[in-house]
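Next come two complexes, and both contain chain A; in the first it sits with chain B, in the second with chain C.
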Partner chain A sequence: MSDNKQGATFPAEGGVREGSLDFIRQALSQGCFDAVLIPAKMPLSDSFAYALIEDESLLKDAYPLCPIMTVQGARVISALTRRGKGKKVLSAWLRPCEVRATVELSKLGQINLENIILISIDCPGVLPLADWAKEPEKTESAFSELVKGIDIEGVRPICQICDKFSATGGEDLHIGTIGMQDSLLLIPNSPKGRSILDNLGLQAAPDISDWQSQVDALTADRKKKREQAHKELESRAKGLDNLLHTFSTCINCHNCMRVCPICYCRQCFFDSDNSKFPFEDYLVRAEAAGGLRLPPETLLFHIGRMLHMSLSCVSCGACEDACPTSIPVAQVFSLVGSKNQKAFDYVPGRSADEPLPLRVYQDREFEEVEQSGARAPAPEET
Partner chain B sequence: MPKVLRLNQGAEEGVKELLKFLLESGDTRGVLTLTKVDEGGGVAYSLVTDPKVLEDALPLFPLMPVNAGKVLSRITLIEPTDKPIVAVMKPCELRAFAELLKRSQGSLENFLFISSTCGGVYPLKTAISENIGEKLPQYWDAVKKGEILPEVRRNCTACTQFIPYTADMTVALIGNSDIEKQCEIYLNTSKAEEVVTGMTGEVSEQELNTEALETLRSRRKVQKDKLLDEVKDLDMEKVFGKCIGCRACSKVCPACYCHLCFFESPTSEHRALDYERELSKNGGVRVPLDTIFYHLVRLFHVSLSCVGCGQCNDVCPVNIPLGAVALKTAGAVQEAFDYVAGRSIEEELPITIFKPEEFAGVE
Partner chain C sequence: MAKKIGVYVCECGTNIAEKVDINRVLTAVSPLKDVEVAQRYKLLCSGEGQDYLKQSIEEHNLTHMVVAACSPKQHELTFMNVCEKAGLNPYLFQLVNIREQCAWVTPDGEDATNKAIRQIRAAISRVHYHTALEKKEIECSPDVLVIGGGIAGIKASQLLATPERKAYLVEKTSSLGGKVRSFSKLFTNMESGLRLVEQEVESLQQNENIEVLTESEVEEILGFLGNFEVKVVNKAKDKELKFNVGAVVVATGFELFDPKGLPQYGYGKLDDVYTSLEFEEMSIADGHTKGKILLKNGKPPESVAIIHCVGREEKGYCSKVCCLYSLKFDRMLKSQLPGVKISHFYSDLCLPGKSYQRFYEDTKEIGATFIRSAKTGVTGNEKGLTIDYETEAGSKGNSAADMVILLPAMENSSDAQKFAEMLKIPLDEKNFFVEEHQLLSPVASAVEGVFVIGCARGPQSISESIVQSEAVAGKILSILVPGKKLELEARTSEISESFCTGCKTCIDVCPYGAITFNEARRISVVNQVLCHGCGNCAAACPSGAATLKHFTFPQIYQELAGVLRQECREKNRECNRKLI
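Presenting the complex of A and B:
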């Protein structure tokens, strides 16, 4: 967190939702952006989806914080800008993990951020998609209770151990709500964000310490929870046998990959011709072990996916929500992701300027390999 | 009159015995069957080559982790097997494979198919939250009596095609009151008669217990009407509006065989301008586009070959009643063409046949 952060307050007597919508209305009318991308309740249904809204009257169905995550926001922005930026300037109202995934996708060339203003908001987490699918009304009312506090049970397991639920660095503007009474704290983090405040005539003041200290305390608490959860999970999932057990109910539907914001490949290796074999190959493999599980490569798929995306995994939990057999995919991936990210001192989504570790080549890396080759007979040095 | 092989043991044990016999004594090189893959209860299809591994086989287990038709398509897509293989699968899986064969997605060469009269399968969600093993006595009791177990998949409660059409062998389960002690395997083809030669058991001539089957069929018909009624005046926008676009329904569907779905192709990658055009028209637009369109087109594409297995329904993360919708549209489309998906391997797909007089009709 930078020390020179400033923030402006914005009235929200009617609560976070009303305050946020008022802010959007003002910003729209002042021409800060042309349209807003925001979760909205679909008029004909009890469902939520991202909607791009220009007509102010449609904002009545918008939910800056909606109870569930239907399509991960980064995927939504990718759908909008993968083929290039549009003419209009859009503000995208996202959860912090969606902002982080958006930043990662922009580094991967799947998103054009030029005409997009990323706005994040302190996130209480979301409820499991399955709960909502069963009892939409109950889930919605549970969530409105949840928004009043910030750290309660009932949100998805992955949200319960989330330590990046607030400003995470990639956003243009962050909306602080934690500990705020009847107001929102608008914290700009880029020239785009600052210009919105300027346009609205809002004065950013340097004292945001009340909010910051509460965020810091909760972050510390969540970090502890996360470490603890990872430790427990490791004891259950580490090693081939445990992994096989963890993924034993996988039906190979690849839905985790399909909803993952980071899995952007047009064609997954595991759906490609590379993973289709002549019958004889299957038989040979079956004969080697007495039997071969089909479809094959169930675990290999997960390990391969892990290898491909775990450096950019933002622990959003979309994978786990979409798994038809309730495998704790997101928790396993968050465990592996945080270890890999630590090894590269990389935090996905922290900054759009920070290059992806595996995309950077430094001459001295090669030297290191050469030297280690020369030193090969001295294992005690490794 | 058809021949039947009678084994003096429970149905599942009997089938396992048969599989063992085929692997040990004949030319059979492999067996595709549901198998226990994990002590925690995981059940999956496996290609078993070692008779010892067959001890973990659960050939009649009431679960469909994947539609076996899709599995067979995948492993025979590139080339047929030149070694004899036996596959134990449910009637709708067999029908699915028949449809895939017609669409050049696999080969049945050197396969011998064992199926059964089918009591249905439990939803995948039941398999992960409860122990199906503990439910089996209740399941088999319903099968014996030819009753509908309400806990099986909704599509299974409404399935009237629970007798396999194209199996070499049919294990008689529905209405078999001695299911724990007697295994009755109908030998439908000469190939079937041939391969069981030498097996301990009594071969006689007998008809399937049609009374129990008819009773079940009429019970299932009642359920089917009920299920169809639920989606009678379906508001597509409302029901499909819930969709999160994960495409799980397509990924697990045996009739969805396209290697690249239209909706994942560049044609469906819209430009920012496409969204902005919608925006100027309506003031708001859902992103991504095509949520409902996807479902309508999928129904359009699959309904001729849909076997009503209900796999789509089981994997939907937001509980869209895809199984019932598929049953309704597939039923109507197949009826219009007097076609039943998977009824026969030889019967051609209606839309692949061209008759000159059709053209005259249009003119």
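Presenting the complex of A and C:
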């Protein structure tokens, strides 16, 4: 966390939701942006979804923090701007993991951020999608109870070990709620964010230490939990046999790939004919190994996906929510992602200016390869 | 159509046959799917071997061919040509390297034989997935741009310009001839440099296929071999000229290291301390002294000191012509001032080649002293200049002189950086242009169609520069034949429009600048002329949109499967089997 952050307080006597909506109304009326992309409760109360709202009156259905993640926000922004920027300025209300995925997609040419203002909010996590599907009302009321405290049990396992639940660097404006009484803390992080505060006549002051210290303490706690969880998972999932076991109930629906914000390919390689072989090839493989699990390439699909997206994986958990057989996909990917990202000293979504590791060559990396080669044990003499 | 694969194992004299049990190899691969014929031969690359292959392809009506022999670097092209002659598309053939990668490096014969079998199995599985590729051709301009009107550029232009080929010679100054113009005498024949230049310029002007653009600078070069677009601006007339050429020759020459950077020589501070080029300029007939060697006070010098290797240590290389032209200076001095005392201060004399040793011996006879000095400095007072020197053994001495001539290192032209960026040709750590291959391809650069000759490559003598002009002319004449189309690499990358999602990863990893982004369609597009088929894009593309022809996913997969399959089976005889 940078130390020179400043923030302005904004009244929120009616709670986080009401305060946020007041802020949006004011910003809309002051022309800070032309439209809002925000989770809203659908008219039939059947679900929450992102809505593109221009008419202020429709904000009554908006939920800046909704209990579930139906579609990852980065995918929504990609759908809007993949073919170029819009003429109007849009403010997008996202969870921190969605902001981070959005920043990654902008580097991958799938999102144009030019007329988008990214606003993130301290995130308590979301509840498993399956719970909502079973008992929507119960889940909603459970969430509104839970949201009163930030470190909550009952949210998805991946949310419980999330250490990037607050401002993460890629947002234009962050809404701090942790430890705030009857107010929100508006923390600008870019010229776009600062101009909103200016337009609203809000003064950003440097004293945000109360909020900051609570965020820092919680981050430290989450980091510990995350490490612990990764350690446990590693003992269960490491190695070919354990991986096969972990993904043994995979039904090849590829939902995890379809909901992943980072899986931006038009068609997944594993869905294409390029990954299919003549029947006799499978027979030969079955003969060689003794038998072949079908459909083939089930584990290869997951490993391939890891290879392609784990450097940009933001641990949003969308994959795990979408898995019909409850495979801990997000947890496995967050473990692999953490390790890969650490190897490149890369934090996905931290900054739109930070190049993707696989696209830049550094001499240092070559030295590392040479050195690791030198460290490899010499073949045993026989 | 049913596939018919021919497999041929080369004995390579004893190179392969001595280590690999070829008969066992043939027994193992003969029963593999679609193998029509599997045979051994003594030396497939020989004329007889090639005839044998051609006949066998025709006789068996082969659809695919696998040759197990040496490195593709050595004979892939040979066997591809055989295919072509036999009417088989050369891309339906695969060469397996069982010499360098098997026979030569595997100590045990049994192991080598097993390894060769696996390698050949892999190639057989691979060729099943080969498709015929067509070599494409493009129209190209036979014209050539020569940058730099020194002796190297002049000679190259003369050799290149023919009625079917225009040469554009661009020179930034107002006259042609470069540095040679100011050399009153050339070693070793002591002819006039100016006269040589004038002769050459005259013949240049008679050639109507050369367009000389003096006082002009190249502003932009875009494109690739056969199709470069050039923009030249005439600085005097502020006029812009655009034209197309097929190749570019960089002959931008050299500049001298500035001795002011080394204060021990007193250059720029003491009177009568000159660089070699300043001495040359003083010696030409139309120079400011009318060719007379004079001190600043108007008197001829009685003693001259010539200091070698000025800046050699700092630059880290020997400029190789200074010793030679310093002997020429001795002769120029002696012929004008017979009584002049000449001392050379040198640390190493560089007199290579068939004629320079003699030139040196003869020069010593006319009266020049050579003092070996590890450290030399120049000081001055009203009485004149003093050269302080120190031998390698550490003994010190000094010597008086009226005039000092410094022999500074040669450096690349100050325009080098500009052309390096414009043409994307790299400079080495000494700031000279890098050759495509120092030994095997010395006048070509890393970029196809761009060549570097003369001192832009590093210090050269006049004769060496001219040899390079001739070499580059030969290269260009053989590549850019007027009317002939240019054959392109067939194994290039292509990007599927329907799979490409426009993330531009391929553009970042392409070392040839061969991929551009089409903003309208939001996809990456490969320029088939610039693509060298390295495969970086295919490896980096997560969507599988970028693929490399002849190295497609199924081809590589089958090759790997062919290598590994045998292993699995052997292993699983003893190992537990499991469902993967």
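The definition used in the following text is that the second predicted complex is superposed on the first by the 360 of 382 C-alpha atoms of A that agree within 3 Å, B and C clash if a C-alpha of one lies under 4 Å from a C-alpha of the other, contacts with A are read in each partner's own complex, and residues count from 1 in each chain.
Everything that follows uses one rule, which is that a contact is a pair of C-beta atoms (placed from the backbone, for glycine too) under 8 Å apart; a residue touches a chain by one contact, two chains touch by 3 or more.
In this text the structure is predicted, and so the values were computed from the model without any measurement.
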item: First, second, both or neither for A:35, with chain B first and chain C second; value: first
item: Which superposed partner A:83 touches (first chain B, second chain C, both, neither); value: both
item: Comparison of chain B and chain C by chain A residues contacted; value: B
item: Which of chain B and chain C A:244 touches, first, second, both or neither; value: both
item: Touching partner for A:359 - first (chain B), second (chain C), both, neither; value: second
item: Touching partner for A:205 - first (chain B), second (chain C), both, neither; value: neither
item: Partner chain in contact with A:295 - chain B first, chain C second, else both or neither; value: first
item: Chain B versus chain C as contact partner of A:303, first or second or both or neither; value: neither
item: Touched partner set for A:265, first chain B, second chain C, both or neither; value: second
item: Touched partner set for A:274, first chain B, second chain C, both or neither; value: second
item: Where chain A meets both chain C and chain B, residue numbers; value: 82-83, 244, 266-267, 277, 287, 290-293
item: Chain C-touching residues of chain A, taken from the complex the two chains share; value: 82-83, 108-110, 244, 264-267, 269, 272, 274-275, 277, 281, 284-285, 287-293, 299, 308-309, 356, 358-360
item: For the chain A and chain B complex, residues of the former touching the latter; value: 35, 37, 40, 42, 44-47, 49-55, 57-58, 70-71, 75-76, 79-88, 129-130, 132-134, 244-245, 248-249, 251-255, 258-259, 266-267, 276-280, 282-283, 286-287, 290-295, 298, 321-326
item: Interfacial residue positions of chain C with respect to chain A in the complex; value: 498-505, 508-509, 522, 540, 542-545, 553-554, 557, 561, 565, 568-569, 572, 577-580
item: Residue ranges of chain B in contact with chain A within the complex; value: 29-30, 32, 35, 37-42, 44-50, 52-53, 56, 65-66, 71, 74-83, 124-125, 127-129, 235, 237-239, 241-242, 244-248, 251-252, 260, 264, 269-273, 275-276, 279-280, 282-289, 291, 314-319
